[in-house]
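Next come two complexes, and both contain subunit A; in the first it sits with subunit B, in the second with subunit C.
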Partner chain A sequence: MTDGLDERLRRIRGDSPEKRHNARTISALTSNPGCNRRAIMDAAGIDKPTLAQHIGFPLPFGQSQFAIVRGNIFEAQVKADGCAELITLLREHLKLSLPEVSYEDLNEVGGNDDNRLRHRDTRTRLCRQEEPGTLFDHPMLTLTVAGRDVFLEPDLICFQIKGKYHIVEIKSFAVIDGQADGSKVAAAAIQSAVYVIALRNLLASRSIPADAVSDDVILVTPKDFSNRPVATFVDVRKQLTVLRRQLSRLTSIDALLSLVPERLSLDVARPAAAVVEDLRSIEARYMPECLNTCELARFCRHECRGTTRAMGRDVAEELGSVETVDTALQLARGTLPPAPEQVEATRMLRLAWSMRQESLGSAA
Partner chain B sequence: MVCGVDLSIEELERRMDDLRDRMRQAGADGDQALVRELSAQLRTEQRAWERALLKPPAPPEQRRRAAKRQAGLPERAKDLAGSQEGAASLVPLREQVHHALTLLTVPAAPRLITAVHTAFFGATIHSSRFTSLTRDEKRSFESSPYARPYYLCPALTADRLAPVRGLLSISTWPIVERLVGPLSPRVHFLTAAMRVAEAVDRTEQPRPEARRLLMRFAANIPGGADAGTPQGVVAAARAELVIHEDADRETREAAVDRTGTLTDVQRLFGVRLDVIEAEEDAG
Partner chain C sequence: MSALTAVAKVRAYELGRAVPLATRRHVHVSDRPLVFVPLSMAGEANAPLGCLIGTDEAQPRVLVVQDPRNRTQRFAFAAQLAEIVLAYVDGCTVSMVEERGKSVFADAPQLVVANPGGVEFTRLLGRSTRFRRTEGEWPVAPTVPVLGRWLTWFAESTEKPGASTVLALTTVLCRHWATGQSALEDANLAALMGWIAPWDGLTGPCAAEQAEDPAIWPPAGPATDPDFDNGVLAKLIAAYDRALDDTAKSTAMLRMLAVLREQMQPTWHLMWKAIALLRAIPPASTVEKRWLRDRQDFTAIVEYWRDNPIPQARVDNAVRAAQRLDRLERALDEVTVDAAMDDELAMAEFRLSGEAFQGSVVACDPVRTDGTGTRRKLRPHIVVATADPLRLEEGATVRSSARPAQEATVVGVERSADLTWPARVTLELRNGMGRRLIPEPGTVPELGERLCYAALETKFAINATFPKREETPWTHGGPPPPYEPEQQSTMDIATEDWS
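Moving on, here comes the complex of A and B:
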């Protein structure tokens, strides 16, 4: 990373401390890869909740405290007593043999929780040839995102005797009757994929081939309505491909920065109006899904109110060349002649309008 | 006067601390006769202290007045007075932890200590009270070493002799029992399972909590869930324990030699690794 680029990102961020990427934010990148606003803010390490509050779009609520506590309790339960419950699960699912029970806590190195120290310790322990371990708790991995190193902590890595590592992700959403919430599984899968890539990079630094890390991650979740953990294999090959493409796009933030004004600054010390003006100069691509993953989504939603894009990907794709809701309504009512590229969308809009008229009659 | 219990406990403790200080001084001076005399006095005070502790709790009105007075008392005295809630929790926290650890015979996490105490001694320990426990113990040891018969201290990692997060042990255990290698968590789990099963077996009418605790252990031991009896769980745990025991002991014993260079405080509370220079290393 060049000094000039660093300086520019620092100016965008202002004096507030830098926020680093984590597995959650990296996986969020894949949900809306075309959003330059998010890419630049993430690269600059901007504290988005504070920024959102500064410009008048505070988060009505953060991640639920109950969810966080529940997640922590479940993780503690699964890992209690030397991962007793997890070992039972792995013995069932991975055919872990009885002598394979070694557990190494990588949360601290000699009582010190410095990230770099922990990363070195993780590398030494995971790459050692003699007496390879079995369970590694909270290893510290790194991943280069947009030219910057990011520290990542998976819940656990499990190591098979056949020389294959598996990422174990512990999540507290329930798997009821063998079924789990699809969006939550997808989020967990993409997060685990981030760890798989990071772990492969780590092993590659010691010339250990990539296939030493399994494509299948193990998701440990509560079973039905109980607290009993259950393990499921999740194949993350697809997520790995998506992530790799995203990360390679992000390797250089230079190109994105060349699209925005030189003096751009999102410093929360500046007046809100000035910050908003600068924010608008970065192209955003709002989608309703952003509300789940980006703290600034409310601002973007407000900004693109009245556009067809704000109604989600499906609507935006159907209406292709029709940009705003107003235009769409006028085309449907026949009060606006369609441009040549809007003919197809207009035909569909008119059909929808006539069906609405027929079913609702005068009430429409 | 019943509400005088808190005060007299505090007063007695102060006198006992004072006696211990004088004994240490006399011991350092080599005055054996004085040590013996002071030791006899200390025993008398200890008995008086125990009597004061076991007096029935004061009626509500007097307890309120005592609470008011307590606002200015030091933390330890408050702990003692607070523990008068309910007959079973008369024992101070460190004693409760000591009981549970003595039953388990291996280092254990607060979660397990609480579960064991509830199962076999009845009283519930609030886990929030654990946070300052080892810190207080360390402070006490540093200000007057070996003044207490035992200290609750963290288990130590076999590789770096650093304190293990959230794993408590007793200072009087041999150092090898307080060391933790990669296989130790499983060895601890299996040993604890055996001790809990034995305790359930000895008890005529074990509490439901004790049975539940044993079931929780048994479910995660191969063959334990189908064992049905405490002896069966012991046998299942022992069957797995023999696989890990030797390798684990070897690792821990190899580390014992290195503890010879530690200071007393380090031997009890571990060595912390400090970064002297933040090295650039992210690859």
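Moving on, here comes the complex of A and C:
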């Protein structure tokens, strides 16, 4: 069964290399759990920027090299000399006496970077009872997404003290006078929450209870305008609840694939028109927010032209959740009788329409 | 989001251009605004790359930082910017006028940025410069901390509803026009302007789509286009760093200046176009009053800093925070009511939510009196028939912008049995009718008159009392330590890295 599934996903992807899930893709996926198109593309490990480019709807999601360099420098600085700066921070902020600190990089196992091997290695090292470790860099975790186990591109440090595990996230956005950009903190929190869930799953396989992993993740960021790191606890309980609910709402990938043609392929080696036709056979759920989180969003937006949803969920709701702009206009003008569930919304629309006419005349 | 805005958006989509959301302009537009297009380097907390700034569309000043990661160059940028901003602010202090018995400056500064990101840039640049020391280790030009105070003042003023000392254009434009795209897409100034004033004979959606291509319309900042960073800027910065002699350095510098100017210029012109569009809308009657308050605030801070040239605290103390919150709440309240009274479309929002109603007078008893008290009082009744979805109960107090001094109490609401509109609302009037038992002519609405009544009232502005800062109660952390420039923490700030 699984082999058949893997084979089918491989066919959808074509010959391009598989893109692995990471905390960012999972948080994006769960921000729009009803989108089958994204779910299938992510499950198949499709390179979405290349696909979008291929079908003529590129969405520049490029990252500035300045930001990348700055991020790398900061991370390297915090991790330098066996995480010396990080250990100082943890001592200060957790008020821990850490007499002996070990640092283990789990990036590869004896020169081998095979996912399964690394995952087994991570589990053995994190769960060992004798001489337990303190800092684990790049642990390989897995998560069940849409009924399928996926490996997470590890971009975290796991910190263990007295049997309690913490996720440590290093981010290079500044915290100025104790305040940071809200959207960046929110993104970091949801990504950390993905790791908390994955780490709990890993420990659960060795019967270690979930509360061994703290709800408070440690966010390490530069302080004010300097390069000095500062550690902050971020409580991610809310994000955990949201993620768990959204993950449970994701339809299993088997069920999703049963809705699309057997020969479906989004292989970029195929002509663009053929790929577009196959893409259209997968149901999408476009929202304007997708423009911030999904590389295919411009294609979906184009497909959604003339729908009320394309103007935002709040606009669609005000318009009585009618599908198209055209219907909304007819209801507002009174040229279309409302369906029973639209009566209340239509009354408001007509009133709003007439008030605009009254105040603006021809300019309305 | 309201039904009114949603309807405007579908209409804009149908027409392929933006439609008005207001019949009046609700902000002040200065005759001489200071337009500011800052760019910052990606990944850094607040590393200016450069800016276009000025009060004349034809003559923008261009400032550029050759290597934004170089601390000396950043402060040189801050000093150059200070020269321009401080001269502009000073220009607003040349004459004073008497207003309500007090002297205020005849003008106040107005900083115009493209979007909320521009305000945030201003706030951060203010934060990173206002604590700088002008002597000792790492000294900066004396004007730099003064610039920091002003930028902080500008940024803080954006929190106050109704203030016009800073205009973030995308926000202001979205208050006055609805487009056929989402709010998220409206955050792009060029796309928004594409809907409001499309260029080259394009339709709104076509112009907006073009505006999303950073190669044609560079972002309005402060963030730059990542492809520009990687493909162009990185090479220019590297060329500058590699340059061995002064000639090579100045060649590299001139190239960078030209390239960055090219990135900012389209936004610069778009901003002036937006300002002209806003200026063309007739102002709401209360704009003048709010601008006076901006001028009073400006006068107060100039006078305060004359005697106490100290920077704003990094974080407000408890008393100041409470005072500020109180002021902001009042301002919000007032600006909401004023907008509704000034602008039919703003009022329409309240009519839709049932807090206001419009209709015709269908019955009128202008000489009705009330004899229940010790003295007989004039209390006319009128009945207004309205088709609005009224939600007011008996006893509610309403006012009409036609007779703002007159108070009306809802004494009866009659609706048809099946609860469909229209309703007949009986109102009892008081005040604004003269002193006699017969109303002065025209003071009581007549049969057939169309009126709009709203249950919106500015809460009477008694200033709430707050303790002095040295009497801050223990529940709020007790009195804060006094400001001492020599304090260790301030030293820390003065020397903190800016990289």
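Throughout what follows, the second predicted complex is superposed on the first by the 289 of 364 C-alpha atoms of A that agree within 3 Å, B and C clash if a C-alpha of one lies under 4 Å from a C-alpha of the other, contacts with A are read in each partner's own complex, and residues count from 1 in each chain.
Basically, a contact is a pair of C-beta atoms (placed from the backbone, for glycine too) under 8 Å apart; a residue touches a chain by one contact, two chains touch by 3 or more.
None of the values given here were measured: they were computed from a predicted structure.
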**Asked** Taking the superposition as given, does A:S359 touch the first partner, subunit B, the second, subunit C, both, or neither?
**Response** second
**Which of subunit B and subunit C A:V69 touches, first, second, both or neither** = second
**Item:** Which superposed partner A:V109 touches (first subunit B, second subunit C, both, neither)
**Value:** first
**Item:** Partner chain(s) touched by A:P337 [first = subunit B, second = subunit C, both, neither]
**Value:** neither
**Item:** subunit B versus subunit C as contact partner of A:A310, first or second or both or neither
**Value:** second
**Item:** Greater residue coverage of subunit A in the superposed arrangement, subunit B or subunit C
**Value:** C
**Asked** Where on subunit A does subunit C make contact in their complex?
**Response** 60, 62-71, 172-174, 176-178, 222, 224-228, 288-289, 291-292, 306, 308, 310-312, 314-315, 317-319, 325, 328-329, 332, 345, 347-349, 351-353, 355-356, 358-360, 363-364
**Asked** Which subunit A residues qualify as touching subunit B in the complex?
**Response** 76, 80-85, 87-88, 91, 98-99, 101-105, 107-112, 114, 116-117, 119-120, 133, 142, 149, 205
**Asked** Mind pulling up the subunit B residues that touch subunit A in the complex?
**Response** 109, 111-112, 157, 160, 162-165, 182-186, 188-189, 192, 217, 219-220, 222, 240, 243-244, 270-275, 278-279, 281-283
**Asked** Which part of subunit C faces subunit A closely enough to touch in the complex?
**Response** 1-11, 13-14, 19-20, 23, 41-46, 124, 127-128, 180-185, 214, 224-227, 229-230, 233-234, 314-315, 344-345, 348, 351-352, 387-389, 496-499
